[in-house]
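Next come two complexes built around subunit A: one with subunit B, the other with subunit C.
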Partner chain A sequence: MSFLPAPLEPVRPGLLREVAPVTRLVVAVAWLAAAFVGVDPRVPAVLLMAAVVSLATLSGLPLRASVRRLAPLVLAAAGLALLTLVLHPTRTDPAAIVVVELGPLRITAAAASAALALALRLALIAVASLLVFGPSDPTTFADSLVQQWRVPDRFAYGTLAALRIAPYLAADWSSTRAVRRLRGIEARGPVGSLRVAGARLVALLVSAVRRGERMALAMDARGFDAGRRRTHFRPIRLGVRDAVVLAAGWAVAVVALVAGAWG
Partner chain B sequence: MNASPSPVSTPAIPAGSLARWRTVDIVVVAVVAVAFGVVFWAWNYVWAVLDPVFAAFRPAQYLISGVWLMPAVVAPLIVRRPGAAVFAEIVAASVSALLGSVWGLDVILSGLAQGLGAEIVFAVFLYRAWSLPVAALAGAGAAVGMAVHDFPVYYPPSAGYDMGFYVPVAVAMLTSGVIVAGVGGHVLVRALARTGVLRGFPSGA
Partner chain C sequence: MTAAIEARGFGWTYRGASAPALHGLDLVLDRGEMLLVLGPSGSGKSTLALALCGLVPHAIPGVLAGSLAVDGLDVATTPAPVLGDRVGLVFQDPAAGIVLGRVADEVAFGLENRGWSLERMRARVPEALALAGLEGFGERGTAALSGGEQQRLAIAGALAAEPATVVLDEPTANLDPPGMASVFARLADLVATRECAVVVIEHRLDAVLPFADRVLALDRTGGMLAMGTPDEVGERCATDLDRMGAWVPTAWRPFLVRHGRGVSRGAGPVPTPGAADALPAPDAVPAPGATLAPAAPAPVPVIARLDRASIADPTVAAGPGRRLLSDITLEVRAGERIALVGPNGAGKSTLLLAIAGIVRPADGTVRVAAGGRDGAAPAADPAHLRPADLADALALVFQEPELSFVASTVREEVAAGARPGPGRDATVLSLLDRFGLARYADGDPHALSRGEQRRLSVAAACVRPVRLQLLDEPTYGMDREATDEVVRLLDEARRDGAAQVLATHDPRLLPSCDRVVGLDTGRIVFDGSVAAFLAAPPYEPAGPWRLEAAGEGVVR
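Up next is the complex of A and B:
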């Protein structure tokens, strides 16, 4: 029915499943910040190692499925790294240390280091994303955002309700193409395909707005906007585990930055 | 907190800009953003397939980047509420993050930057102007947000990128932001209004 992939779900117990989602988010953002502050490739290397180890041992996510999820990123990271390797400004600098020289291709040590750092950083983004979003479902995430970060509950749960119809919208998007094909409407040339894409987008958005209006009506009928202060059905409390994950996460970030400074 | 079943007596939602959002505003913006998130999921394949083709000349690739900026213009034009641009971009980005997109976290950061870029434009007009030129400006604002995020993250100066790269890419982003997201978004909302589906909103009245 849908071209959307099934969400990655944890299959084993793990420490990261037992902390509040915002705890994981805070640590991941700290790691990304450290990776972008540190220019030396050692910084993202240390963080990426910690992230991969956490993914394997603490997240409870199935390893093989996680690797499959990460595979496209390896391609993208390799592409960006290659670009840096070849186009780095030191390629024309006669004083730069050269690692490889093949005809017009001149790869300097500085370029190699920058390319490695960029690739490691992008890989870190991907693994950290899995660590943040993988171990718990969107509902728990919304609960945590509302309870720990005081995100307005109507926005958090309204979004959660909307997310639930993503598969239907994906089906709508596919069916707009099927209908067009059935009617024999074919895109001709770039202008034609642009027009067809626009028409499909309008059809999709009409369906989205209708579904949204119907859902809002149903939600209001059940008192969603009653104007009362909400209590929490699934309380999430920060505990010792959150403190441990937070402290360990910050420690790893500091170690990574120190390792980079030594380089 | 105590869940006492008292009658409705405490209007606890404070009077403020966010409280003026009705349920239907929240849900429709969220659903429209999810719809864009779904389109992005398909669009990401296009982008990935074109990636090697465009690697030689990056600015050309960014001529189609405006598609990602559309929710930041379309959602505010529909509901006309403060915060709609940021809210829509974050939700659209979250869809791919929750589906396990390889960029996940970073997509949310970039969504935030793009949404803020458009939001600032609508705020400058005090959330009172929704014309084509304002939509085009908002598209440009979102493109600025995109540059503010993408340049340091994907093309940092430390990796050897300089003005010879940044200027043409920024021009391509702005062009695409104005034409695809700004003008395209405005045309899209007008087409939606013509179907009658926006009757419950200021944009369809």
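Up next is the complex of A and C:
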């Protein structure tokens, strides 16, 4: 269990691996903003195409693993789009242009357009976040946030430390269930279930606090957050590549918006 | 040159405590010396570690006596971050303190925090890695390291900033014997460079004693029992340490004998009237229980049977993937105690969970005897038993006692697993009494000390008479007295016919067992008597498995 998409092991060189993580983040945010500002489905369509091409050519990420990572998200996007298609409010509007009518099923042009836009936007979110988080590990990401954006050390590296504890907590949560089963404790009825769930949460909290304390002690012991200026073992500098990626990324966003407005 | 550590009548009393945790400490340690600190639980060993890095007195309230200087700096007047630069700390559980994803970054973390320049860091990080025996590991992921490698990474991180002293608080409690040996060998190399002084706090002594230049022995009150070379301290106070319930290294056995007093009770796990009594030394006659395995069919009922069971790794998605356990075929019989051993990550905990039905086999079967004491053959699938029936069939003690608590008082904690009925309260009270927990009956389990928490989790697992007890590292980080207590309680249950499976890294427990099952990368690589295991441990390198077990566990 991890809150950030785990980095895939890059297999090839790629321009996106050479730029600062914040550069990728800025471009991705610009794309997502454009996709949600532009009403026409052509906007997310152009952006998604650009994202997929970047993933295939510039990210250095293994294609097969990327597809596997994206598959569940794309499926979820398709499911939501299908719901929109069938349940769109215009289905009962007698004035709406109808594309397909099969018994009770009535799909309007507006529904088709909305469903397509939704599917494209969700797919764009999935591919764009892989482009942001995939090419480098969380440590590099935190380094970049601190060095480029002056995000406080305590926040950036504290979050990293918390991410390291997360998988342990997932295991701890299953342990609290196993412990009760082994002790013959069975939840009876909805009230019993609530009580047991509450007790498990308390146990998890105690464990989280203890793990957090140990991590904090280990970080303190190495002089973290002692009020001194930190230096950086892996300096991340913005360069020509970042400028190129930034300019190209914004250009793509503008093109997408224009394509949407044009139609 | 200033001494790395200099204490004059140093003492510390925690706020609200009636007695000092540590008192009357006189000590001078130079760079290039390794000091071993030993003593029973509660003797102030960890307080000393906290004082050396400035957490005492700066972060923890209390009263200081005498003086303590680290690298010439008085701990009472020097700010904690400055002291922290002079002292590197290594903790018990290395995985709990790793922040970053890459090995080199993790080592550099402490240097970044201290504002080192990039050039100095680039020069120092490979040096620190080399000192810890991790040359060429710089670009590896920290998550993929073994337990021993993680602990050596923690050592590299601690000594990167060129401290005058490196303090290690039970650095090998989580490590298998070869991992432990690799850590101590590296520390010895480090001491030889004379870069810094090393202070090691340990319960597992045989492996570390050969490297120690000096030994500080503390007593139960936090007072100084002796300080000197290993032989001096051994001669002066081996017997006292033994009587206090501390572990005593094998090398000091002659001192026990010379004083003619230490023979009253073993310095190893308590000798049991049954199997272990017949095992005065590992190379002598095997225990009666051990002769049962594996060929001779015995008329003893089988309590659990695994037939070609395999457990898939849940972190690997679909497909054949890696197996946590492969092809496990095993029978556990009534009244026998099996030691489950193997390197870190060999699958010991997973096997216990599989026998308890918490994880299900992808292939093969797991069956346990269910249906109370007189239940028939092992026919029940533990994964499909109702919780009440499962609790009647077997008990499992987890490695982390805190996670296993289900109630808010010690009394309820034991009562929660008891069979409902009229005699329940009396049963619970008598159990608490036997485990020395009666006075905490209405207290919160989380407020107990670690040793007490462990006893409580064992007590909770004993409240229903079960035919199978599964224990994960039941003596983790305990001194000899606490270890003895747990073994004594297990002996009682075994005399009543319970089968026991103990996952452990501590070879000192082996002499109290009847049989050893050795795991390696998910497969059984050994199943036989304790004597046969100790004679030829199926691991590479085998030396460390032999060393400790042949030593401290069987001091008589």
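Some notes on this structure:
Here is the rule we go by: the second predicted complex is superposed on the first by the 252 of 263 C-alpha atoms of A that agree within 3 Å, B and C clash if a C-alpha of one lies under 4 Å from a C-alpha of the other, contacts with A are read in each partner's own complex, and residues count from 1 in each chain.
Criterion: a contact is a pair of C-beta atoms (placed from the backbone, for glycine too) under 8 Å apart; a residue touches a chain by one contact, two chains touch by 3 or more.
These numbers were taken from a predicted model, which means no experiment stands behind them.
Judged by the touch definition given at the top, the superposed model places A:A221 against subunit C, while subunit B stays out of reach. Looking at the shared chain after the overlay, A:T176 reaches subunit C, while subunit B stays out of its contact range. A simple residue count on subunit A separates subunit B from subunit C, and the partner touching more is B. In the overlay built on the shared chain, the residue A:T139 is in contact with subunit C alone; subunit B does not reach it.
By the touch criterion defined above, A:V240 lies against neither subunit B nor subunit C after alignment on the C-alpha atoms of chain A. Shared-chain residue A:G184: touches subunit C; no touch with subunit B. Shared-chain residue A:A95: touches no atom of subunit B or subunit C. Once the two complexes are overlaid on the shared chain, A:A208 sits against subunit B while remaining clear of subunit C. Once the two complexes are overlaid on the shared chain, A:A161 sits against subunit B and subunit C alike. Residue overlap on subunit A between its contacts with subunit B in one complex and with subunit C in the other: 138, 161, 206-207, 210-211, 215, 217, 219-220, 224-229, 231-232. Residue ranges on subunit C touching subunit A, taken from their complex, read 53, 55, 80-81, 84-85, 88-89, 91, 93, 96-102, 104-105, 108-118, 121-122, 125, 157-158, 161, 317, 353, 356, 358, 386-388, 390-392, 394-396, 398, 400, 402-406, 416-417, 419, 446, 460, 464. For subunit B in complex with subunit A, the residues that touch the partner chain are 1-3, 8, 10-13, 18, 21-24, 26-28, 30-35, 37-39, 41-42, 48, 51-52, 55, 74, 78, 87, 91, 94-95, 97-106, 152-154, 156, 158-160, 162, 184, 187-188, 191-192, 195, 197-198, 200. On subunit A, the positions that touch subunit C within their shared complex are 68, 137-139, 157, 160-161, 164, 172, 175-176, 178-186, 199, 203, 206-207, 210-211, 214-215, 217-235. Touching subunit B in their complex are the following residues of subunit A: 3-5, 7-8, 28-29, 32, 36, 39, 69-70, 72-73, 75-76, 79-80, 82-84, 87-90, 110-111, 114-115, 117-118, 122, 125-126, 128-130, 132-134, 138, 141, 152, 154-155, 158-159, 161-163, 165-166, 169-170, 173, 198, 201-202, 204-213, 215-217, 219-220, 224-229, 231-232.
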